[in-house]
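Letters A, B, C and D mark the chains in the order given here, with residues in each chain numbered from 1 onward.
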Amino acid sequence: MAFSVAVAGASGYAGGELLRLLAAHPEFEVRTVTAHSNAGQRLIDAQPHLRSLAGLTLVDTTAETLAGHDVVFLALPHGASGALTAGLPPETLVVDCGADHRLESEAAWAAFYGGDYYGAWAYGVPELPVPGGQQRTRLVGARRIAAPGCNASTVALALAPGIRSGVIEPEDLVAVLAVGPSGAGKSLRLPNLAAEILGSANPYAVGGLHRHIPEIQQSLAWAGAANPTISFTPVIVPMSRGILCTATARIVPGTSDADVRAAWQSAYADEPFVHLLPEGRFPRTNDVLGANTALIGLAIDHAVGRVITVTAVDNLAKGTAGAAIQSANIALGLPETLGLSTNGVAP
Amino acid sequence: MAFSVAVAGASGYAGGELLRLLAAHPEFEVRTVTAHSNAGQRLIDAQPHLRSLAGLTLVDTTAETLAGHDVVFLALPHGASGALTAGLPPETLVVDCGADHRLESEAAWAAFYGGDYYGAWAYGVPELPVPGGQQRTRLVGARRIAAPGCNASTVALALAPGIRSGVIEPEDLVAVLAVGPSGAGKSLRLPNLAAEILGSANPYAVGGLHRHIPEIQQSLAWAGAANPTISFTPVIVPMSRGILCTATARIVPGTSDADVRAAWQSAYADEPFVHLLPEGRFPRTNDVLGANTALIGLAIDHAVGRVITVTAVDNLAKGTAGAAIQSANIALGLPETLGLSTNGVAP
Amino acid sequence: MAFSVAVAGASGYAGGELLRLLAAHPEFEVRTVTAHSNAGQRLIDAQPHLRSLAGLTLVDTTAETLAGHDVVFLALPHGASGALTAGLPPETLVVDCGADHRLESEAAWAAFYGGDYYGAWAYGVPELPVPGGQQRTRLVGARRIAAPGCNASTVALALAPGIRSGVIEPEDLVAVLAVGPSGAGKSLRLPNLAAEILGSANPYAVGGLHRHIPEIQQSLAWAGAANPTISFTPVIVPMSRGILCTATARIVPGTSDADVRAAWQSAYADEPFVHLLPEGRFPRTNDVLGANTALIGLAIDHAVGRVITVTAVDNLAKGTAGAAIQSANIALGLPETLGLSTNGVAP
Amino acid sequence: MAFSVAVAGASGYAGGELLRLLAAHPEFEVRTVTAHSNAGQRLIDAQPHLRSLAGLTLVDTTAETLAGHDVVFLALPHGASGALTAGLPPETLVVDCGADHRLESEAAWAAFYGGDYYGAWAYGVPELPVPGGQQRTRLVGARRIAAPGCNASTVALALAPGIRSGVIEPEDLVAVLAVGPSGAGKSLRLPNLAAEILGSANPYAVGGLHRHIPEIQQSLAWAGAANPTISFTPVIVPMSRGILCTATARIVPGTSDADVRAAWQSAYADEPFVHLLPEGRFPRTNDVLGANTALIGLAIDHAVGRVITVTAVDNLAKGTAGAAIQSANIALGLPETLGLSTNGVAP
């Protein structure tokens, strides 16, 4: 009855979160977990928090080990999924948590990533708009899905409703994100060391360099922006997970406060996982830790003519693995919320 | 079909964790949430991470508001449950997360807590030994249960197998615990401020003053110790949740390494929530964050003749709310593991 | 030879930092430390990190206890210094670390603080411009100095050079700050608890509500902006100290990259405590922990036509107590850098 | 006038702390900074917090670059200093912050470190006892000094007074330490990543495996213990710096409480950097952050017959670099406290 599942890159942080969520999902059965340097190891040794999957052993990541499953989740470094996926039959649902299939623009791919370009897949943020509808529609029945970049989907969820409804200007957007270091993966580099991050706030990719920028622009273009521009600055702060995104936009002159608020309210009124908080309330990342929820607080600053949105997302959950599973639910015709929690682990 | 549930003290940290776990439990339906100063507030305003319970409103904590439920969980300050509980019918399952009903010794209660003594209830750590068996047996069919102190149950789980099997001496035990500040609750005191705790390790209750000491001794006495003595020192460290307990005991001279290890191995071999890790492996608190799991690593230090156990527990989950629900499952004849996860949220 | 000093509010975080810095200053001798609820206590009990001042005892904060010193530093809640200061002779140097004397606009005071207005004093950020010169000039010989708000001075240092030199537009500025909770003082409120802040990023005063906004506008007006507007959002992150300010402004069309960079380069070239980092480098708050240094990194994002500045400051040091002592050095004719370190405590 | 100084391993954490302290020292002038893989880089790029040394450039670590200085501080990986030092003239003061010259027992060296053994130097913890006196005496005029292991010196300072005075038994000691990850250096290993450490408490080297154990035993033997044994467990907690050591020992039967306390009181009464706190008070690591201070709190637990000491030390300051400079002061005939602060950076 359940769908058989393979997870590639199961020894990493995104792979671990996929497995944590899959273990709680009633319709997915994890049969195969793969890794590269950790192949041969017991999964529990690489992911000691996943007690319920203690019986699994990591095998090498190859087209062969991934074959024969109903669903394959890929949590691999950028550039690794293209060739791997080519060997999988078209009826297999493949959900890629890497960047390889997110961008429709080959030029943007070349400018921010480089290497072979394999084309875009259905984009795994169901709540975002596309011309004439929602990403959700494109995901129904899809067999190739690109899970979003965690920062990119957070910013897009924060700003898309205002663009779609025409209440904010799509140029000169500004977003500054406080992010946890798990987004960088298990990468053994000096800036990722605990002693570098504890007690400190550390910016990176300042000045329009971050690879998620074209992905944000793509989502905002789908929302109706002709040529969206955004200043995007991420700051690493000492929490293992979480994104707190402060994103602002100029309000189109003459728009009433009620219309501004209504844009977000109506966009997410029926969404199970994205919520606009009541006026005067703003989210904390703790509120969504481990959850598939994006919480948005919104303020209007008349003195500057801007709407300020503050959005909290767990980068590994709703930002990556949760989005992947939510999208897989849709693709397979399962209830969209199946196996996903809206409740955070706090404090 | 489901059991109707009330949670008293629902605006605090322990109350919030009870609700988070209850929300994921298929046989419990939370009907009533109570608080004191927050009564009248929407639950979601006090516990913004509990999206799935956003429809609930906090009412005052009284015998009346708690009446008429199948199960009542109390997450109240010490001393508050005695009078409240007196008004509840004996067939209602009452699980108290406070200290009021943990100690069988009125003298110990008077020495460490003081105030009216209301007697001991079934102790909510099923895996611990009692003379001739396990606490689990006492919990079957119980209608009054005392959930454990988080530090106390952690230390007891760490040391009881060695005492029960006679491989360690029950005197001169030493335990030092790294603990997160959520165990102190939402108490507005200077030592609980973030600026006092961030970047620092802060001891408290040094020198045998901690209130969990008699509770530990009681558990170790149940395990067979005539007069257990333990040096117990908690240290607050900058993580919101978690207990990492380093507990050591002298090995009874002449005991083989295999026999030492076998004591813990056999005690927990069939337990779903308490695990002895393989030789050379030790747990981290991240591995059990949000989970109902206690992980134990064990080493034998021949140079000093001691066994060293390192045990990781989430103080709010397996340490409090998870233990409460696990015990309620047993009391009500439900599968013991129902609604409880063994997987931590890491990293 | 040394100047005799009294510190009011010596039991708080700002008071403690003043004392830490004063203890290392060769020309200041702390004679009197005052507090309110802690009066009568030994200083070392309230500030156990200040071993070298262990001989001092806290006395009540009154005009009498503060009288008879060459220099009086006030680290009191807003509104407390006005009446106190009235009783001190005009030749006493009074440096107020509260907000009472920062704003020249009584209307701004009324709008953001309220209560009696006592007028503005010389503003304690020597590096900032004023019409025709620098704040430094106004501080020479001053006997009443208002130390800056930590967030306000950070934002002003980040943006003033661009405004002064005309390379950025002074409207539609955007600043988002990651800040440590020590800025909130020893205030016993729920949002300041460690369990609320650990592992989380928490916004506050979103939407133009923060009290430092008029202070920022005042500094930018001094730099030459007719009517500066700024969207300002602070985010509490889990580090005890530090401000990492990401502040952006639109570049005046037609300005060359070199001219943009030169604005900041020339403004701070001779400053001992404010530094523009080389191109491509950005500061972390760890780099300035405990130091009187502000480090600024600057990037130009052509895609959005904005300059992005990232500025790191220790809120208690350069942001408050260091600024106070630096300003006192100037006022008293001492070397400006005396007793102040440019080196941070990292990692 | 000042002594010329070279620091080898200047790009690491211990090297950085040496430089931070040396920069504030009136009699040391840093002329040369060396590194291995970072050679050729500006020091400020490797240590961006050391603004006052921005003019220095890292050169390769060789006997040649280290030659010609009055004092050479070595902050190198274990095993690297032996050959390097052989080339330095005997009149040069060499202070090694590595382990190479700490152990007098070649057998202990072989058992815990291995590789070539180069013999022991004067041990850089002046406050510790040696037969008939103090380490301080051995440091006077010394030209070869081994700075201590941070954990080892902390435990030794905590327990030596009780052993020296005969009030505690030197066997079956137990020490559990909460330690920050900077002690592991800039080592690019998975357990050192921020995502592994944030929000978690992680034990390591459990069961008598830690390399500092023989160093502790050596110090306790110097204090008079014939055959000291200690169970030693370090736990990494999420603070960048700091050691909080809980060390316990059985009190010799018949000893009065006053005699126990007097042992520590008299040992440290005249020490500038090691302090016994008043009864009922215990230190936090924040209290000593950046300081050359060790603070000790002491409790007697009659129920278990043990003294419990809690000692706070900054692992990089008093634990390593501060001890090195304090010892160098003594060796060179400078005032012992010169350039060293007793005040911590808190909060």
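The working rule: contacts are C-beta pairs under 8 Å (C-beta built on N, C-alpha and C of every residue); 3 or more make two chains touch, one makes a residue touch a chain.
In this text, all values refer to a predicted model and were calculated from it rather than measured experimentally.
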Larger contact count among C-D and A-C belongs to A-C
Average the CA atoms of each chain to get its centre, and name the chain whose centre is farthest from that of chain A. D
Is the contact between chain B and chain C built from the same residue numbers on each copy (over half shared) or from different ones (under half shared)? same
Counting in whole Å, what is the centre-to-centre distance of chain B and chain C, each centre being its mean C-alpha position? 45
Approximate Å spacing (C-alpha centroids) for the pair chain A, chain C: 38
Which positions in chain C are in touch with at least two other chains? 13, 182, 195-196, 198-200, 238-241, 283-284, 286, 289, 346-347
In the complex with chain C, residue positions of chain D that touch it: 13, 16, 20, 23-24, 45, 47-53, 182, 198-199, 240-241, 275, 281, 283-284, 286-291, 293, 295, 341-347
Going by the contact rule set out above, which residues of chain A touch chain C in the complex? 171-172, 174, 176, 178, 195-196, 198-204, 206-208, 213, 229-231, 233, 235, 237-242, 244, 246, 248, 250, 282-286, 289, 297, 299-306, 308, 310, 312, 346-347
Listed in rising order, the residues of chain B that touch chain C in the complex are 13, 180-182, 184, 186, 188-190, 192-200, 238-240
